[in-house]
Structures are given as C-alpha cells and as structure tokens.
Amino acid sequence: MGVDWNSFLEGFTTAMSFQNLLFIIIGGLLGTIVGMLPGLGPATAVAVLIPVTFGMDSTNALVLLGAIYYGAMYGGSRSSILINTPGDGSAIAATFDGYPMTRKGQAGQALTLATLASLVGGTVAIIGFVFLAKPLAGFALQFGPAEYFFLLIFTLSAVVSLSKGNMIKGFVSMVLGLLITTIGIDSQSGVYRYTFDIPHLSEGIDFLVVIIGIYAVGEVLYNILLIKDEDQRIKGPVGKSWITKEQWSRSFWPVIRQAPVGFLIGILPGAGGSIASMISYSTEQQISKRSDEFGKGAPEGLAAPESSNNAAAVGAFIPLLTMGIPGSGTTAVILGALIMLGLQPGPMLFQNQPEVAWTFINSLFIGNIALVIMNILLIGFLIKILKTPPHILYPIILVLAFIGTYTLGYSIIDFFILMIFGVIGLFMKILNIPTAPLILAVIIGNQMEQNFRMASISYDSIWGMVTASPIAILFAALTVLSVFLPALFNRLSRVK
Amino acid sequence: MKNSMKLFSMLMLSAILVLSACSSGSAESDYPSKNVELVAPATPGGGWDATARAMQNVMDSEGLVEQNINVVNKPGGGGEVGWQYLKGQDSHSLAINSSLVIANNLLGQSDLTYEEFTPLAVLATEWISVAVPAESDIEDGIDMLDRLKEDPKSLKIAVGPALGNNDHLSFVRVADEYGVDVSQLEFMIYESGGDVLTALLGGHVDVATLSISESLEQHLSGNLNIIATTADKPIPEDESIQSWQDQGIDFTFPHWRGIMGPPDMTEEEIAYWDETFSKMVETEGWQKVLDNNGWEDYYMNSEETKAFLDEQNEMYDGLMKKAGLTE
Amino acid sequence: MEIIRFIVPSIILVISVIYLILTFNLPEAKVGNPTAAMNYPLLIGFSLLGLSILYILSEIKDKKKVFDAYKIFADKELTIQVIIVLVLCLGYTFLFERIGFLISTVLFLGALLFLINGRRKWLTNIIVAVVFSTASWYTFAELLSVSLP
C-alpha cells in the first residue's frame, strides 16, 4: 500500500492538538502509575480505565487509551528495575539485568537506559507500522498451528539455554511451568483437568498470579531472611542518572537490532511482548562477547528486551487496526473499548475513517516522546522509593501484591495460589533454580499445547509439522541451534 | 462505618419485610431500597461486562433507577462463580446471563440450574454466521453440508472459545438436521473469536462458525465469504447474505444475553424490573449500545423470558446429546 | 553426605508421580479421540519424572561439594519471622472478604510492620498502615472503580 500522506499529516496535526496532547500526557501518567503496581500490567490498566472514556469523542478516547497502554508498558519495567517485581509478562526480562544494575547503585542509569531503549524500539516500530502495516498483516496470517508451535518451542528453548551450566534445573523449571498450564478445562475436548471441583480453577491459573507470587512475594520473603545482611542491602543511587558513554555504546546495536525483532513478533496474534523480550534477551546474550556479564547488570541486557517489547507493543496494533483481530489480552480489551465507542477496527477502518486511524498512530509516536520526557523527569522521584527503609517497603510490596492479585480474578482463591508460588519462588531462589523458564512456560504453555494438538490434526507426523512451511522449518532449526550451539561453543572454547 | 451500614441495611430490610407483610401493594415504592448491584460474571472487557456497564450507563443517565447502580465483576467457570455468588444475595443484586446458564448444567459443569433464579428479561441477541475463506470453492451453506454429509472429516471447522457454546451447537444442529453424522465432525477449538478469524483468513481451516459481528467486516471487504447465518431476517449491511432459512433449512438460532435475579424475588420486585427494563430498551442510549456492538433488540419481559428459557433448555438438551457432548 | 540436598528434588519426584496418577485417572473426552486430553499431560508427567531423577543424580554427583543453600535459614529469628508473615497472609485471606478491604488491609499491613519494622517505631507503623490502606482503597475503588469488598 502506498502511504496515504494526506491522512497521515492530517492525523499528525489532530494528534498535536492541545486537547489530544493533554490526553496523551494524562493517559501516559495514569498508565505509568498503574503499570508500576505488581500485577497491574497494560491489560488491567486499560480495562479499569475504560469507563473514563465513556462519553468522550472517539478520537480522543482512542488517543487516551493508547497513551494508557503505552504508559503501562513503561511503568511495568520501572518496578522490574527498582524492586525486581515485574508488573507484567513483558517486563520480566527487565529484571534480569535491570535489577542487578540497581543493586550496583545504578538505578537512575538503568531507568534512563530502559527509557531510551523503549523510545528507539517504539520509534522503529512506528516507522515500520506506517510503511508496512498492510503487507505485514498478511505475514501474521501465515502462522498456522505448526508455525506457532515451533515459535513457542523456540522461545522456551532460548530461555532455558540462558541457564548455562545449570540445564537440568532450567528444564525442571520449564516443565513445572508447563504442568501448571494443564490445570483447567481442556478447550479441545472439554475435559476438566486437575481442577478438584473448584470452579475458579476451571479457567486455569492466571500467569500474572504466578509472576506476582514468584517475584513480589518470593522476593520479599527472601529479603526478609537477609534483612540483617548489610552486603545484600541495595546501595543507594550513586552518581548521576544520565547514562555513561560506555553504557550507551554497548547498548546501541542491540537496541537497533532487537527493535525489528520485537516488532515482527508483536504482529503475531498471541505472541506479544513476553516472547519478544525473552527472545531478544537470549539472542543478545548468545551473540555477545561479554555473555558472562549478562544477569549481573550488563546494560545491553536491559536495553535489548526493552527496545524489543516496546516495538512489540506497537506491532500488536497492526492486526487490531487492519484486521480487527486482537493479538493479545491488552489489545482485546482495547478492541472492546473501541466497539463501545462505535469504532469498528478492521479492513474498513482505514477506508472509512482514515483520520481516526492515522491520528492514533501519530499519537503513539508523540506519546512515546512525551513518555520519555515524563519518565526521565520522574527518575529523581522514583529512585526515592529505594530510599524507603526496606522494613517499610517490604510490607507495602506484599500488600500491593495481594491487591494486584485480587483485581485479576476478584477471588480469594488466587490469594492461596499467590502464597504457594511465593514459597515456591523463595525456594527456587535459595536453590538457584532459574525462574524465567517457569514463568515463560506458564505464559505460553496452554497456547503451545493447543497449537500442538491442532497441528497434529492437520499433519500426520512430527516431520509433517516441521516441513509444513519455511517458517516452521526456520523455527525448528533455531530451536535445535539454541539448545546445542551454546554447548558446542563451550566445547570449542575448552579445547582452545 | 461498615457495621453501621450493616445495621442500617438490616433495619431497612426488616422494615420492608414488615411493610410487605402488611400490604403487599404499597411496598412497590420502597424497592430498591439500597444500591443495586449488577453482577458481570466475567472480567472487565468481555461481552458480559460490556452488557452490564452499558446497562448501568443507560439506566443512570436516564434516571430510570433512583438508587446507585454498581457493576461487580465475578469471573470464572463460564459464569459459574458469578451466579453462585448471586444465589446468596438479596434482591438488590442482579446478574447478566446467557445460554450458558442452561448449557453449563446440561454439560455437567455446574450444579446450578436456570430454574433456581428469577428470570427478569432477555435483552439483546446476536446471530451466528458460517464463513469460508474468500478463495474457497465452497459455494453456499448447502454445498458445505453436502460435502460433510459425504465425509464428515473432509472439512476442518474452527470454533472458539469452547465446545458446547452457541457457535458450536448451532452448527451441530443445522448439520444434524441435514443428515450429517455430527459425532464425526472435526472441530478445531481456538481461544477466542479473533483467533478463529485469523485461522480462517490464513486458510488454516476450511470453515468457521462465529458471530456475525465478528465476521461481517471481513465479509464486506471481501476477505471471506459468509455462506449462511442463523438469523430470522436479512442483515441490513448486506442483504444478499443468505440465512439458513433462505437456503431452505427451517432453522434460526439466537445468541442472546439477558438478566436474572436471585431466587425468591417478590412479585413487586419483578414488576419493578419489568417496568424499568421495558423503559430502558426504548431509550436512545440503549439503541446506540446495540448498534455499536452489532447486537439486535430481543427484549422479552419476565414472563416471556421464563417460557423462553424452558424452551431453550429443551432444545439445548437435545442438541448436546446429538453432538455427543452428553449421554 | 547431607540428606537435605535431596529434599526438593524428591518433592519434585513425588509431584511428578502424583501428577501421572491424576493424569491416568482423567475422564475420557466425550468428543473426538477419547485420550486426547491425556496425551500431552502424560508427556509432561514423564518428562518431569525423568528430570527429577536426573536432578537427584546430579546432586549425588555433587555430593563432595558443600551444600549450603539452606544456610539462609540459620538465623532462627528471621526464619520464624518469615513463617509468621505467611500465617499473616493466610489470616488476611480469610478476613479479606469477611470484614472488607479497608479494615483487613489496615490490620494486615499494621501487623506486618510491627513484625518487620519493630515495635519501637509504632507511630510510623500505624501512620503508614492507615494512610497507605486508605490511599490504595481510594485509588482502586473510587478512581479506578475496581470492585473491592
């Protein structure tokens, strides 16, 4: 499609109107705050703020919702970096190196770096959106069950391969995660599995409860055990919040490289930020010359997934706006809100109401810049959180974890699940079992099973699935590589 | 604070009891005596939640109910959690429902039956479509049924999000009526209507059954073909779309949403809601809600709803047996 | 060699066995292939069984290395504190829907603060508990209209 520059410019000027700028700022700020709370990721942030848009002009409402969504993405990584508690699946990768940076006293720099990486990722993705929305929408349709299955397998293997020298524990963690996702009604056959007649369990365990349990509750319990240990105390923010030249030059290429990766993954319905950021993190670690610094506060380990998940967030709007298909929980909520407002996203949107669509795309771009400015201004305020004495901070994080959990399912059964995973998280930390494979498996496990079973209806054998299409072959090959290549490199370097 | 509220509401409650015991006619003006709670048995963002919030919005802005109306989300178990909750509440709580209130019980997924609650109204409906990819060589509904009659496994049929839902059952029913061996049909179950649509557009399945509001936009832009609908009249956006009736199969199937109250509501209370809802569905605000969501007015008062539910129950019972979901 | 290093691997082994037993007892699917719902869980169950055995073997292999992961529990006082925290969480769970969000949260947060922050700072504890609970109640229930009990 040729870009419709007239509508584009018209959209740009509408997005720049005073009223819309105001909505971008308000939405961005609200989103950032809600997104920082554990468990309240973009989906919940948008869902709980929808009533605010009732009675608003549809363009304004769309701009506001977009800003809330974007703000929540930024907010999610704030809490990952500062208190090791991701607000959402896509913010998990930010804990890997973001939190270690905080521990080293580089909280301000970590926040700045994450913000700049997000800006680059978002901008690259928006440019991609403007020029490639139509052809890429078709690309997403290429993904049938076999292609999805191998994409998901690849993601899992990439994350397990992060646990170098600890592969058994990594696989145990992953399989436990997959086991958790088999709880609930099996959608292909209608059979109830492991629900013990508790109606609340029939829809399975919400992965966000698992994330909050393992990260927020587990982390707090662990820290209480170490509360007297001065070495474990987070060092106060040392020095400036602006990043150093070295940090930037180490992060520059990873940020540029991973933006398109995240963008493409974001377009795929059902994939989204969690998968994008994990794949970006693990590929950067594998190709890095300093891969042993990953997990210990490597700046590129924070910047790469942040760039990627922001790009994925923009990519997710392609199927929504061009086909009316929501690719993620968040975009499904936004779709619901749009319909309430009388907008029907889909192939007709760009023909019937191009100005609405383009205003929205431009507002994402402007919102991105506004959020960067806001977030950099907020850094000084945010790192004050770290000055709160841990004796007061930990109880507050615990309470927030419970409230966040309640908003997910409105049920106290989730509280029990939260506590169980808090204890599991504590022991995983103590025994040095990696948590990322478990979390990722919980996020994508169900999807993996369903795709696997649909693929086995469509193809007769595993070989048939692998050779279903070039995409399937590609991901199958990447999976094999990601498991065996690190081992091979290890051998080779030992021989040397 | 909380305690005084409790005391207050208990006083009010006993006052109502006394009043209604003395004169059953004059109690009408006292109801509702406190905030009304609308239970959406789903998370924010879904269809049930949208219905509840739209009702709250319309009734508030038109001043139809003097008391405040609050929406409460009680998701889980395909409505089960919310309806269990409703069962224990007084007449100031109402819950959104749909055919699942019947189907869950028939499928053995719930012990609750629709008869335990007080039916108040059916509000709106959607119709269901059968769609094929644009490049498919299936010409119309009958052509598809012929192929399935010959070999039930010849077409992969996408449905979401669960077996036993309306999209699935309506398809089973029409196929059965045509003489297809429905127990052999090959269904692929996707997580949501959006995923069904993606699979169909990408050509990963041959046929999909999904609500018209989900498929119409793609049909109008030529990306897929709607080959049949369960509607009882033409679709205004494209009157050339054929319903099953147009193709000679006497069959309609609404995908309705309604509202019900807890067990044992008094006649005055039921009458109150009959009056309120009949006014609500006439408002412009409600019409706009219907238009935006692609729903159609399907209002029935409490009496009609009761009869409708009985009839639906019978139909679903028969259907599930045919589909092999129950014995 | 220390027995405690085998505790968690053994628990995982037990979990995999229970899971497999539950899986074999799953009801048959009424539609389509009757064992369709079972196959994938079986794969997972057996993988976990195998992995837990590998895990135990790897611990046996490492038996000469010092196993000090549980040293973290050496401080009795802190270990008891963690257990009390968990008990308080349970209490909160039971009270949450009974006495409502606001009161139960004030109690829970207050108790946690007295436990972790110490009794001497009682004034700070009470202020934080009340202010934080009210503020979060206001944010969630009023501003975000999330339905809280």
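The chains carry the letters A, B and C, assigned in the order they are written, with residues numbered from 1 in each.
Basically, a contact is a pair of C-beta atoms (placed from the backbone, for glycine too) under 8 Å apart; a residue touches a chain by one contact, two chains touch by 3 or more.
Since the structure is predicted, the reported quantities are computational estimates derived from the model, not experimental observations.
Note: the chain lying farthest from subunit A is B, by mean C-alpha position. The most central chain, judged by C-alpha centres against the centre of all protein C-alpha atoms, is A. Centre-to-centre spacing of subunit A and subunit C amounts to 23 Å, using the average Cα coordinate of each chain. Mean C-alpha position of subunit B lies 38 Å from that of subunit C. Averaged C-alpha coordinates give centres for subunit A and subunit B that are 33 Å from one another. In subunit C, 30-32, 147 are the positions where the chain touches two or more neighbouring chains simultaneously. Among all residues of subunit B, those that touch two or more other chains are 72-73, 163, 186, 325. Each of residues 48, 51, 188-190, 192, 410 in subunit A touches at least two other chains. Residues 43, 47-48, 50-51, 54, 140-145, 185, 187-190, 192, 199-200, 202-203, 269-270, 319, 323-327, 332-333, 335-337, 339-342, 344, 346-348, 409-411, 447, 450, 454, 457-458 of subunit A are the ones that touch subunit B when the two sit in their complex. Within the complex formed with subunit A, the residues of subunit B that make contact are 43-46, 50, 53-54, 57, 72-78, 80-81, 84, 107, 109-110, 156, 161-164, 186, 188-192, 194-195, 197-199, 201-204, 217-218, 220-221, 223, 288-289, 291-294, 325. Residues 8, 12, 15, 19, 22, 26-33, 36-37, 40-41, 44-45, 47-48, 51-52, 54-55, 58, 69-70, 72-73, 75, 78-79, 81-82, 85-86, 89-90, 92-93, 96-97, 105, 108-109, 112-113, 116-118, 124, 128, 132-133, 136, 140, 144-148 of subunit C touch subunit A in their complex. Put simply, subunit A touches subunit C in their complex at residues 34, 48-49, 51, 168-169, 171-172, 175-176, 178-179, 182, 186, 188-194, 217, 220-221, 224-228, 389, 391-392, 394-396, 398-400, 402-403, 406-407, 410, 412, 415-416, 419, 422-423, 426-427, 430-432, 449, 452-453.
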